[in-house]
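Shared between the two complexes below is chain A, which pairs with chain B and chain C, respectively.
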Partner chain A sequence: MTGRFEIVAAGSAVTDSPAPATPKNVSHLGGLPNPSAAALAGRFPGAVERVVVIWGETVVFVKPAAVFEAMQWLRDDPAQQYDFLSDVTAVEYRDFEQPIEVVWHLRSLPYRRFLRVKAQLPKKGPLEIASVWPLWKSADWLERECYDMFGIRFTGHPDLRRILMWEQYREGYPLRKDFPLRGRFSRAEQLRQALAQNPETRYSMEELSVADAFEDLPADMRKRLGTGERTGE
Partner chain B sequence: MGLIAPSGADIVSYDPKSQEGWVATRLDFLVNWSRANSLWPMPFGTACCAIEFMATAASRFDLARFGMERMSFSPRQADVLICAGRVPFKLAPIIRRIWQQMPQPKWCISMGACASSGGMFDNYAVVQGIDTIIPVDVYVPGCPPRPEGLIHGIRLLQEKVMNERRADNRIREEINPDPSSELYIPPSAINELGEPFGNSVHQNRSAP
Partner chain C sequence: MSSNTRTIEVELSTTGLDAQGRPQRVPLVTGDGRDDVNVAPPLSIEPELSAEHMLINLGPQHPATHGVLRLVLELDGETVVRCVPHIGYLHCGFEKIGEYRQYNQIIPWTDREDYLNSIGNNVAFALGAERLWGIDITERCTVLRVIASELSRVISHLVWLGTTCIDIGAFTPFLWAFQERENVYNLLEAWVGARLTTSATRVGGMAADIPAGWMDGLRNFLRTFPSTIDEVDRMLTKNAIWVGRTVGLGIMTPDEAINWGLSGPMLRASGVAYDVRRDFPYLDYETYDFDVPVGTNGDVYDRYLVRLEELRQSVRILQQASARLRDGPVNVDDPRVILPPKSKATSEMESMIHHFKQVMEGPRPPIGESYVAVESPKGEKGYYMVSDGTSKPVRWRIRPPSFLNLAAIPKMVEGHLLSDVIAINASIDIVMGEIDR
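Presenting the complex of A and B:
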């Protein structure tokens, strides 16, 4: 990972590799694990709980406390180079005893590898885990969505707030199993709260400078707008 | 315009024998005729109904036959708001604001099952019918309605426009929501409209 906008050719790190093809006759369980899983277990002996190969894809269960270090190593180690974070999400199982799983989908373009990393958060403890935003900027909105839908707090995220539901949404986290399908409030109360939101508080800087929601902005955004900052990058 | 029809609304205003006199009724007819045949739609397309709406505007069904080919993407130059598709709660204040920015006289067509009743999306995120947010004149059923269905709804709206009278001031008055609840209809009516129906009655609101 040298330059910020380095062009990476897929499979460039693998010498004389065959052209990628769709695998056939993939078994449900078992199969050849991704070599990165064993490398990760060797590098962080206590952190990797188990490795499962399911439908030909490798799932690595990592202890929640070690997630950031493991991810950083996976990204920066020259033999791994997982340079693309394609998804951050979570899974809650219907069995209440099962912990909530946070899932990261990593892809290594130079090695043409795919790795699924999971961390299990027990429901009794706080649902907190380290943010990987310092490693991959794509984690920004993905972690916000995960926080919005599951209530998992990503420590170190620069701007952790709701993304799909509006920010004053108070009914909870919709994808949790204890969340009723229609929400907790009556329809009239839901509508009243939805109509009370100010849709202009989170526009882009250019739009905000002319919007009448200026006074409703957080103090730091007001300050940044006041000094003439714009989003054009 | 209003949710309740004015008394005597069934009187055809361009009937020469009506009590408003020949000149007034002829003027009504002229004004209504020009209005009904130059409705500028404000498209509010959020889902697959918008695709059918686009098909209605395209060459085969040709919305221009009804004087509606000019889509007004500014609400301030629009006459009729066509809400095509589901409206999530996050969009509720936006469609409300668009409606309030439209000048009188204005009308609203709720196109499709989702806009009219929430449709299959009986969940925490979707408004159960846009008539809980803004007044609606014509509901077009269907999932999504075919262009013929939308055209039928437009013809119904034109018929409604043709039957308006200048003597009735209400078409020029803005209907304001109740200041305490910010809603056009009482919360109890909204809860009633949002009640589950069909297969979804087997689910309840309480957490398991």
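Presenting the complex of A and C:
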């Protein structure tokens, strides 16, 4: 049992400073960088590739292998305290040569700071990056959505499966640039597959493993559950 | 009662009179174990049956799931042991479609994701797009957008109030809330011609200035609306049934709430004073005088109190905004994004070419990206846009607050009764259009 909750006031570390005003007349590339970017580059000299300021927002490019360590430091260091993970998403450019970028939007509530961290994944290699789920539980669904839409695998995520599309979806990853707006399959095939779905009668392996009806499952499903399969069908 | 017990003075909704003619008060009795808000109900209420768990579907067509949300609940008797949410039934691929649309053409799509906050979404999207161009909007436009954002907050909170009352079993506040909502929709209709799908903003300004006499309508609404809030307050806040159905449910501690990425009233009810309007201000919100209400226990009841107080604060902001609205241009004087006036476009060759190119090719922002977050009624709503210099964004990302708030529901409903799942789900204030996009 916990006691009464204390009010955590945002911006509590800087209570003597006034609220930051809305930036106006910000230049395209000439804004002031967030001090956390330089601190991160000083702490992990090899990990930070470059720091860019666009419209007053600081972007830190981090090597994919060092993402987890950098994020952990940003969250735990008392001078940074990025305790709020706003968003995890990815960007694929129209230029095929450009790598896919995974983007994290971090907020430090005590210091009222905002930082965008990016990692570039070349398309030739495997689209894999460390999950930040152990640091922020909010990454759970955000990373699942990113996997669902871009096919980026977050290693260390406990339950990485499709979230917006159904689990048997076979057309690929919708937000990739090589995915046509109308979908990969023909309209007739899409309709056939959609009508063949009955999502309400489907449970993920995770759910089936807890069901009392385990004994009633088909033999192959019981076998797959027995081997530890948890996601998808 | 232990020391960490909260005492809520409860009135019966139908008060009797005592011998002195005063209304009779009843002490806080809200059921066994319920007056101690930090104690979750026992996990197993019928131990002899606990070996037999049942898996049931709540939704996706259940009216109390506020849309097409499907919760698979593992029940031990009536107690929820585990909850697995399934979403995506309303997925339309907004972000994909946005990559094939010009910036001003995306604004109608923002109406349709969080459809209770459509004009607020329009404002948020326009702010994000304007940052891509580095445009500072005019003074009058800023105030108009504040009015638009706060009106949509009023609408959204009123819908939340009404539907939550219905879910929990109170019918009358639903009618009061929806009656006031009609008044706000009438105002929006007089302004932009649409009630729900407003599409009110454009990059660099608004689709329309307010018509003559509109401010009188707004002031009239601001005069009458607080009495409705007070009425709901009197009806619910000390109502024994309401308190009994909401106190101690779905508790999130401050650390958990931050770690799970909750935002908006969900986060503030847990005691974290984070409001984008105050901590990362936009639209000159730092110059307005308003309070950020904060709860203490992070349960359903605190979320109700926070939202009710936010309605009052919205009225305060609207009063200040209506006082500081001055005449002046609404749209910025920037030919990169703003169309020439129609009279010029039909009489001057250059303006006609300009008009043609703006409409057919669309405005082109410089290469860059922006993430603009606003405080939507549900929480931190962000639009992340990446431009490669063409008239259509490379990536348009919606950061949906309901999505992250809903992601915490398995944690919140664990150990509660099935009927409490309805109350907890209602307290999240989800809009599936925004979650599935």
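What we mean here is this: the second predicted complex is superposed on the first by the 191 of 233 C-alpha atoms of A that agree within 3 Å, B and C clash if a C-alpha of one lies under 4 Å from a C-alpha of the other, contacts with A are read in each partner's own complex, and residues count from 1 in each chain.
Note that a contact is a pair of C-beta atoms (placed from the backbone, for glycine too) under 8 Å apart; a residue touches a chain by one contact, two chains touch by 3 or more.
Keep in mind that this is a model prediction, so the values were computed, not measured.
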{"item": "Chain B or chain C, by number of chain A residues touched", "value": "C"}
{"item": "Which of chain B and chain C A:Asp140 touches, first, second, both or neither", "value": "second"}
{"item": "Chain B versus chain C as contact partner of A:Leu32, first or second or both or neither", "value": "neither"}
{"item": "Which superposed partner A:Asp87 touches (first chain B, second chain C, both, neither)", "value": "second"}
{"item": "Touching partner for A:Ala188 - first (chain B), second (chain C), both, neither", "value": "first"}
{"item": "First (chain B), second (chain C), both or neither touched by A:Ala219", "value": "neither"}
{"item": "Partner chain in contact with A:Glu171 - chain B first, chain C second, else both or neither", "value": "first"}
{"item": "Touching both chain B and chain C, residues of chain A", "value": "164-166, 174, 179, 181, 199"}
{"item": "Chain A partner contacts - residues on chain C that touch it in the complex", "value": "4, 38-39, 52-55, 57, 60, 70, 72, 74, 82, 84, 86-89, 91, 93, 95-97, 100, 131-132, 134, 136, 253-254, 256, 258-261, 270-275, 278-286, 294, 296-298, 366, 368-371, 373, 380, 382, 384, 386, 388, 394-395, 397, 399, 403-404, 407-408, 436-437"}
{"item": "Touching residues on chain B, where the partner in the complex is chain A", "value": "89-90, 92-94, 96-97, 122-125, 127-128, 132-133, 181-183, 187-188, 190-191, 193-194, 196, 203-208"}
{"item": "Complex contact set, residues of chain A against chain C", "value": "1-11, 19-22, 24-28, 54-55, 57, 59, 83-87, 89, 91-95, 103, 105, 107, 109, 112, 114, 116, 136-138, 140-142, 145, 149, 162-166, 174-175, 179, 181, 199-200, 203-204, 206-207, 210-213"}
{"item": "Complex interface listing, chain A residues touching chain B", "value": "164-166, 171, 174, 177-184, 186-192, 194-199"}
